[in-house]
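In what follows, structures are represented as structure tokens.
Two complexes follow with subunit A in common, the first pairing it with subunit B and the second with subunit C.
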Partner chain A sequence: MKRYIDFYLSSMKLAVLEQWQYPIANYFYMIGMIAEPVIYMVVWSTVATQQGGMVGGYTPGAFAAYYIVWTLVRNMNVVFTPYGWEWRIRQGQLSMSLMRPIHPLHYDVSYFAGWKIIVIILWIPLAFALSFFFKPDLHPTLIQGAVFFFAIWFAYLIRTMTLSLLGMVTFWTTRVSALFELYFAAELVLSGRLVPLSLMPDWVQRLAWFFPFRWAFGFPIESLVGNMATNDLLLGLGMQLAWIISGAVAVSLIWKVAIRRFSAVGG
Partner chain B sequence: MQGFRLAFSYLRIGIMNEFQYRANLYIQILQTFIALATGLIGLNLVFAQTSELGGWNKAELLAVMGVFTITGGVIRAAVQPNMERLMEEIREGTLDYALTKPADAQLFISVREFRLWQMVDVLTGFVVLVVALIQLNWLVDLWSVLGFLSALVMGAVMVYCFWLIITSTAFWFVRVHEIANLFEGLYAAGRWPVDIYPNWLRYGLTFLVPVAFAVTVPAEALTGRLTLQTWLVALGLTVALFIISRVIWRIGLRNYSGASA
Partner chain C sequence: MSSVISISKLAKHYQVPEREAGLKAAAKGLFKRTYKTVKAVDGISFEIQPGEVVGFLGPNGAGKTTTLKMLSGLLYPTSGGVSVLDYEPSKRSHDYLRQITLVMGNRNQLSWDLPALDSFDLQRAIYSIPADDFKRTRDEFIEMLDLKDLVQKPVRNLSLGERMKMEIVGALLHKPKILFLDEPTLGLDVTMQKRIRTFIAEYNKRYDATVLLTSHYMADVEALCRRVIVIHHGRLLFDGDLSKLVEKFSAFKTVGFTLSNPVADLSQYGEVVSVDGLRVTMRVPKEKTSAVTTRLLNELVVDDLTVEAIPIEDVIESVFSVQKEAME
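This part shows the complex of A and B:
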């Protein structure tokens, strides 16, 4: 156990030191990312204003709150990309990780978790700027704040698991970008990223319940922004945990089968 | 003249290159389809709640989406790949190879790559645009067609200049590959007419990142909103941006030390 803790702390520290050297690059990346919710926010606030101040239970202020929290959740959602898995496997880069006496996933989880610390620090001024311009209506309770804290890290873990599983498809075929694109499109619609799920037709909302997407995106946002009862908040955390655990089990099972197929192309 | 020949040769090489990877065409078709589908879902969700957005109705916004897809396709086919290659070469110091060629360096680095399959986006965009125009009962009118085509070309030139300016910052900042993400994020704002954005953002999207001129203005030409004044501003800005980008490129180039040398 101690060696895992040591490993996690070291690679998180490494990520912090490495990423802190590139604040401009990180900011470019974050501003590009923030453009998306700002667009949604403006569009939906305009619609709400035109409809007499509210649409689907959201006022312009509530939309502002939703999409500003969105930006943090989106940043927490950035994990090692499945395209990276493709690169790792196709180029034989995985060979190096296999030499280490630790599962490569630990490196992904810890490195990106370290990077998140930088991302959160850089995000704070952006959040202030967005709040200044868009006046969010946000009054979270203490319990909402606490649930949100766990929910964003759980979201990070869910997405790490699902995208690793997706990336590991590359062990079987290297033509994967079409599959990735489909996955991201489904995620966009079913997660609450495009619009709050309550604005979606009923059947989409019901469908979203069965996929991991909303637990990694919509739920963390709504836990802070919405008026969820404590029971629902805890149920959400429970669903997140269930996805993390089943994801981790699936990753380790598939890894065992997949790694036998790895032939270190070019490695 | 020599410049045109150079550009044409690289265009041919680019197309031949793409033909080596025909399966990518199918992937591109799928990607275009997904982007179109998500765009339409967004549009329908908005218009399920309202009948107009900032003075634009659904068919007009469909036309905006068509222009957005066309211009996006052109950028990803001809501008972005060249700029990404440039970024990489500045970082690696391999730009030396381009600079030693007996041609204008800016022209040379701007024409080396061409992604033919991205033209699927351009075609799809035109189809979307035609559908929108049919819904609008649009009558062919020479002035709006000319306005549209000229605005489209000016928009593409402005976006190229913007990319070149941003890419030139690689001479100072080195690691700038996140710029592609920055641009895509900001460009996505063009999916909606810029009139709906708050003032500060509208000016930003007009003069800093010329999304308004790349997407909204051509769409305005087709929906009878384009004034001569806007068209002249677009022309002025195109010339200004072209000069500014060339100056910045040249200053940046002086900063380049060729890491590999």
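This part shows the complex of A and C:
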């Protein structure tokens, strides 16, 4: 265990040092990323104003809160993508990772976790700027704040597991972009990224319960901006943990089969 | 003494899809795919003793890198047995990976944007190297490769040779017992190649490490390896002392001499390889070398004369051409 803690800390440190080399690039990347929620926020706030100040229980201030928290959750959702898996197999980088006496997934998790530290630091002024312009209606309780803290890191782990599983398809075929696109389309609709899930039809909300997307995106936002009861908050964390554990088990099982197919084509 | 690397009838075959060019063949391929079996490694066997430095030679596509990948656990063999330090590499046990390293001349694992020292620290954590031991080894290697002024520069600002030296330091910090080196001097200039060769030789001596080296630079092989293993088309062609390889496959010697006056016909002495003014290079059957040189000195006015073995590159080339002819 001590060995893993040392590795995680060292790898996170390396990520912080590396990403700190490019603060401007990181900032532009984040600014580019907030264009999407700003559009959603403006559209839904306009709709709410035209409908007497509220849509599905969301006021313009509630939408502002939802989408400003969205920006942080979206950044926490950035993980090593399936396209990255494709790249590292083709370029031979996976061969180098496999030579280390530690599973490559540990490196992905720790490196991106380190990167998140930079992301959070850079996000704070952006959140203040967005709050200044859009006046969010956000009054979280202490327990909501605590649940949110864990929920965003759990969301990060869920997405790491699911995208790693998807990335491992590249062990069978190196042309899987179409499959990735299908996954991302489903994620867009069922996660709460496009619109808060409570505004979706009932059947979509029920369906979303059984997929990991909501637990990696909508739930962390709702845990902070919604009016969820403590039981529901804890249930949400429990669901997140269940997805992390089942994701880790699935990654471990599929990895054993996938690695036998590895042909080290790129070197 | 028991061997540290032992492979027996090792094979790696790939099923590669193939089809004719054109639309018709592409459409047909949607319903029925045909595959060809490519035998990258085809039943080779050898053993390596502790502390040996062995050159692993062959032309491109001979199966050298595939063999190294099976030895390092990156690839599962199709058949045959592999044992390294009594481990089965394909199981990729962490204890095994801690005792080996694979250096590929065209791959890197150091962070591009940071000084190598930061990446070295990650290696320390990956291999759980005790802090004191890590610092001692790191400083020792930095000194051996004369990197003191470079370790604080971002890796992206280093030359190819400097980067390669850093990669080698990073790959050896955990003091592996077995080194698989795949073209470690690829693309480097002569001085840098020599530096790396000296370092590998020193590492082998200090830590009694076993080295299996592939290189297209015969200078690497000549400087480091007493024994060579030659493979071609996945099959073993030769396994033995480098000197025996030269003896077996080199039936000629090169005789070079400078004449005082031009001579019209020299073919009676041997095969003329080149004439540059009064300087002549000739290929002579090995057993006739002394007779030919005596005749040259007695019958012609020669300013100087040298007798050299055929360059090792040419010997290796002749090994491959003999094999090619045998297969045709």
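For the reader, a short list of remarks on this structure follows.
The rule is simple: the second predicted complex is superposed on the first by the 267 of 267 C-alpha atoms of A that agree within 3 Å, B and C clash if a C-alpha of one lies under 4 Å from a C-alpha of the other, contacts with A are read in each partner's own complex, and residues count from 1 in each chain.
One rule holds for everything that comes next: contacts are C-beta pairs under 8 Å (C-beta built on N, C-alpha and C of every residue); 3 or more make two chains touch, one makes a residue touch a chain.
None of the values given here were measured: they were computed from a predicted structure.
In the superposition on chain A, A:Phe262 makes contact with subunit C only, while subunit B stays out of contact range. Ranked by how many residues of subunit A each touches, subunit B and subunit C are led by B. Of the two partner chains, subunit C is the only one that A:Gly92 touches; subunit B does not reach it. In the superposed model, A:Phe7 makes contact with subunit C only, not with subunit B. In the superposed pair of complexes, A:Met33 makes contact with subunit B only, with no contact to subunit C. Of the two partner chains placed by superposition, only subunit B is touched by A:Phe133; subunit C is not. In the superposed pair of complexes, A:Arg100 makes contact with subunit C only, with no contact to subunit B.
Once the two complexes are laid over each other on the shared chain, residue contacts for A:Thr46 go to subunit B alone; subunit C is not touched. By the touch criterion defined above, A:Leu194 lies against subunit B but remains apart from subunit C after alignment on the C-alpha atoms of chain A.
22 are the residues of subunit A that lie in the contact sets of both subunit B and subunit C, per the superposition on chain A.
Those residues of subunit A that touch subunit C in the shared complex are 3, 6-7, 9-11, 13-14, 17-18, 21-22, 92-93, 95-96, 98-102, 259-260, 262-264, 267.
Against subunit A, in their complex, subunit B makes its touches with residues 23, 26-27, 30-31, 34, 37-38, 41-42, 45-46, 49-50, 52-54, 173, 175-179, 181-186, 188-189, 191-192, 196-198, 200-201. Partner subunit A is touched in their complex by these residues of subunit C: 14, 69, 72-76, 92, 94-95, 97-98, 100-102, 104, 106-109, 111, 113-114, 118-119, 121-122, 124-128. Per the touch definition, subunit A reaches subunit B in the complex via residues 22, 24-26, 28-29, 31-36, 38-39, 42-44, 46-47, 50-51, 55-56, 133, 175, 177-178, 181-182, 185, 188-189, 194-195, 199-200.
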